[in-house]
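Structure, as structure tokens:
Chain IDs A, B, C and D follow the sequence of writing; residue 1 opens each chain.
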Amino acid sequence: MACSKYEYVKQYEADDRLLPGCWIVVRLDGKGFTKFCDLHGFEKPNDERALRLMDEAAKARASGRSLRRGAPRPCRCCRRSPHAPGRALLLPQAVMSEFQDVRLAFGESDEYSFVFARNSQLHGRRASKLVSLVASCFSASYVRFWAQHFPGTPLAATPMFDGRVVLYPSNHTLRDYLSWRQADTHVNNLYNTCFWALVKSGKSTGEAHEQLRGTLSDYKNELLFSQFGLNYNTLPERFRKPASCGCGCLVAVLQGSIVIRQRVMHVKQTADGGTKEKERLEPCVLHCDIIRDAFWAQHPELLA
Amino acid sequence: MACSKYEYVKQYEADDRLLPGCWIVVRLDGKGFTKFCDLHGFEKPNDERALRLMDEAAKARASGRSLRRGAPRPCRCCRRSPHAPGRALLLPQAVMSEFQDVRLAFGESDEYSFVFARNSQLHGRRASKLVSLVASCFSASYVRFWAQHFPGTPLAATPMFDGRVVLYPSNHTLRDYLSWRQADTHVNNLYNTCFWALVKSGKSTGEAHEQLRGTLSDYKNELLFSQFGLNYNTLPERFRKPASCGCGCLVAVLQGSIVIRQRVMHVKQTADGGTKEKERLEPCVLHCDIIRDAFWAQHPELLA
Amino acid sequence: MACSKYEYVKQYEADDRLLPGCWIVVRLDGKGFTKFCDLHGFEKPNDERALRLMDEAAKARASGRSLRRGAPRPCRCCRRSPHAPGRALLLPQAVMSEFQDVRLAFGESDEYSFVFARNSQLHGRRASKLVSLVASCFSASYVRFWAQHFPGTPLAATPMFDGRVVLYPSNHTLRDYLSWRQADTHVNNLYNTCFWALVKSGKSTGEAHEQLRGTLSDYKNELLFSQFGLNYNTLPERFRKPASCGCGCLVAVLQGSIVIRQRVMHVKQTADGGTKEKERLEPCVLHCDIIRDAFWAQHPELLA
Amino acid sequence: MACSKYEYVKQYEADDRLLPGCWIVVRLDGKGFTKFCDLHGFEKPNDERALRLMDEAAKARASGRSLRRGAPRPCRCCRRSPHAPGRALLLPQAVMSEFQDVRLAFGESDEYSFVFARNSQLHGRRASKLVSLVASCFSASYVRFWAQHFPGTPLAATPMFDGRVVLYPSNHTLRDYLSWRQADTHVNNLYNTCFWALVKSGKSTGEAHEQLRGTLSDYKNELLFSQFGLNYNTLPERFRKPASCGCGCLVAVLQGSIVIRQRVMHVKQTADGGTKEKERLEPCVLHCDIIRDAFWAQHPELLA
């Protein structure tokens, strides 16, 4: 074959298989999102449309589709339908519908972490395959679903997410990883809530940064309550800590988005006009505390 | 800070910096594109719209944009424009406008290779950063530009590309890598041209595969000429070998897409109604032979 | 400084730190030991002197030494003793006295595995440092202690051991690793015992291989018993399975050498002619079953 | 087979093959040699016996050996000689006789660098194999040859060398690596020569360090000449720069040891009492400048 003379260059490809028996975390992070947010007029400190779009790119469910209706047209060349009529295709749309080995995901702001089962053999556990596919799928979904979440705001730049892969050898370290991200969410959100409250009240961004520099949580909570009367009960659920946490925070604190697969009941109409119930495992978004044990006790299958 | 107790998990992140002084090749490859092509009715053996979309995702140029007009609206929160009026932003749209260190790219079918300068320090040469960002940018661009190239055909699934990183320590091995991909393009395209010619003439796909199994190039060239009267002169340029190759192929042979940065003259209207010429370096697509020395002699800056 | 111009080459050194939280196993393997054994007349199938030398290179204890007596002479240049008189130095002699983080070692034939504590920070967990130091220390010790175990047989070639590093993320996988090595010891030893029994009885090596090819353990056990009357009770302890195993093997089966740190009582003479007892943790060699739970239940500190 | 159930643990072994087409440098470095030197009374600033021992561990030539005389005795078990009578064995003794792919080595003080041919396929280019074998071979040789170089001084501790592997993708970077090491030799040696001259003249080590801190080469050269009358012409060759360097240094400057393979003529006595000449390629130690081009122009085969 004509190309065989050059094929030796394949030997330069390195084997980057990840250590077996470890949890694989792929974390994506928006690149240059400060500029991207400004450009598209994201609300501050948190734009709910943007957060929902992130969740969608993580979990939009595969759409079952009959190719009889679905294929836009028969192949131009051969004038034949490439698939037998009526054959259903499952079309993945987003990370968790494409990668069934993702057990759990956690998102906050412009970042998202995906946790692959510790014994996943997906793509031979090759690091570059996994990180690039997750980044590719998430980014492409983000653009696809943009118009649904930002109707009237055309995309003015290409959104990008970089990725990294981290291994955690034990349940303990995996939980600490997720706790790290959720604690980070709390800290960042409290800061941002204060910062934008000050800016909206008339301070410059420089003054706001100055006032908050080095302050503790208590100070920020008090500031929001006394000066801005912020009461987290009036905020949508995703923006506050659930009552169960009982930690006494008086301010809006994002929990981030936790995505796990749960049984969802679907009601379908049957041919004879009746209905049929069908249960399916689907990625669902929760906003709850994953630092304490309660969440993990309730979902023992996650770390099993 | 509340989260410091968990921060130790950062130590689990591995350092994956690539060896300095080597050419970095990031190769993307469409995932499940046979199905994706069928689903969207791509023409066989080559769909020019799809190839142009691939090129666009590789090279679409950054759009300069004045934020005065450009920002869709002032920030909802602070009612202020986030950028000083009139400040121009350069908005990257695709891989080569985002990554200035990409010297050269080569695309064929549903794959694309990007060659970073051997001394590039981009993202500290971290492998996972580079491969994920390129895959992310390419995939997001592919979706963004889909409607321009496939008007009337809505995206029915999320296109995905996996990536890998390969290092080449010398100019010699880098050229052999690119020769490997272009030779592969030739071989695949000749096969596919024959295969689809046979199928369109009435054979089943199984019969077509059977007839071509194990045959050499000469046989396939002869088949196309004698049986189908295929003459590469009647095909659009991207589908044939340039005259200069003189190899006597009588059939459509894709060269693939070579993207390099070239000086392009832009004529701009000035305020007083006159015109001004401005030269800019821009990614341009070529379809030429990169296996022989002629191309490299003409573009000495590529390997410098 | 004169050399700074070249110092950039340090950037080519890769970071090869091992994933935290995993057991680190460094396994050494004799290079070309078939020839080395022949050359020095090792007994077959097992040479006890050679096995004891392997154990010694793994565990010989550090010798405390007072430099007052110990330093062969004052420094030639400065005529001063480089250390304050009477200061004691602890001189490491072998792998387990040099590397306190080695929890456990397992040796058989010409190979030895060293298990570092899962949280060891030794040399920043750099793979090449660890594997090269262990190989270096073991090989140098092997040569140092050669004459003690092979008096009258001068070394005719340099013994060499290659090394590899493997990570095990859980106690379960680490135990399976050690079980793998011990099961391998059993299998190899049964084969070798039969093979050399046949050879010593007059068969050629080719005939012996032929007779044993593809046979099961039962056959080999029976062969040894019926034909050679081999009774493991008459063999030294290291060559047989302990009675507790109860598996019914009738032949010599090496358990290999398990080295763990145990409290050892030392009796010392005091200045006034009396004695003083002192307990010290020291590497000790055992020959026991480490596949079953009993061993691990007895030594819970090993996996703690 | 009994052990197959555990064999899955082999999957945890990572593939650490080094990038093809790059020079492989394995650098060894003495561990704790300050203490080791003191313990064995090494002369300061340079102990010629110790340097010669380092060179020997790097290059001692393989000894051809007829097993008829050589094997200490027939095998104890089978009473047969394991090799046909008179068959010659080549017994490697040190790094460069064992690893024919080492093109060149450079040693200074207690470190040694070995350069493997850029296309070496030795041990599949596996990093851990190469670094551990070189460290093992060097350390074992160091102990074997100790008594020849330090007669009357028994080894009181096990000498150890850690290793690392570095890749250099071009001739240019490899030469810069070697220049870096030789420049380092110059700088260190000038400092050490001054330091020990001051100490021998009666200063404490603290005072000597204080006087030299931050001084330039010129100052140190002048100090040696004016205060100690040191003239490099009276020093053995390995301790000074060759005349050809013409750089005007007036002090002892170690070039380090460069080991390359050169044709050496051996004169052998024949059976009839005459002589026969035979040329062989053997590792030879040079002490010359490898920073400038002259050395490389003279030995074009090294980088070919």
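Definition applied: contacts are C-beta pairs under 8 Å (C-beta built on N, C-alpha and C of every residue); 3 or more make two chains touch, one makes a residue touch a chain.
What you see is a predicted model, and the numbers here were worked out from it, not measured in a lab.
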Chain of greatest Cα-centre distance to chain B: C
Where chain A and chain B are represented by their mean Cα positions, the distance between them in whole Å: 28
Chain A-chain C separation of Cα centroids, rounded to whole Å: 49
Centre-of-Cα separation between chain D and chain A, whole angstrom: 55
Numbers and ranges of chain C residues touching at least 2 other chains: 12, 14, 19, 21, 167-168, 173
Chain contact topology (line, ring, star, complete or other): complete
Residues on chain C engaged by chain B in the complex (per definition of touch): 11-12, 14-15, 17, 19-21
Complex contact set, residues of chain C against chain A: 19, 21-22, 167-170, 173
Chain A - residues contacting chain B, complex: 1-3, 5-10, 12-14, 16, 28, 31, 35, 38-45, 65, 67, 70-78, 82-83, 89, 91-94, 98, 123, 126-129, 131-144, 153-168, 173, 176-177, 179-180, 183-184, 186-187, 196, 199-200, 217
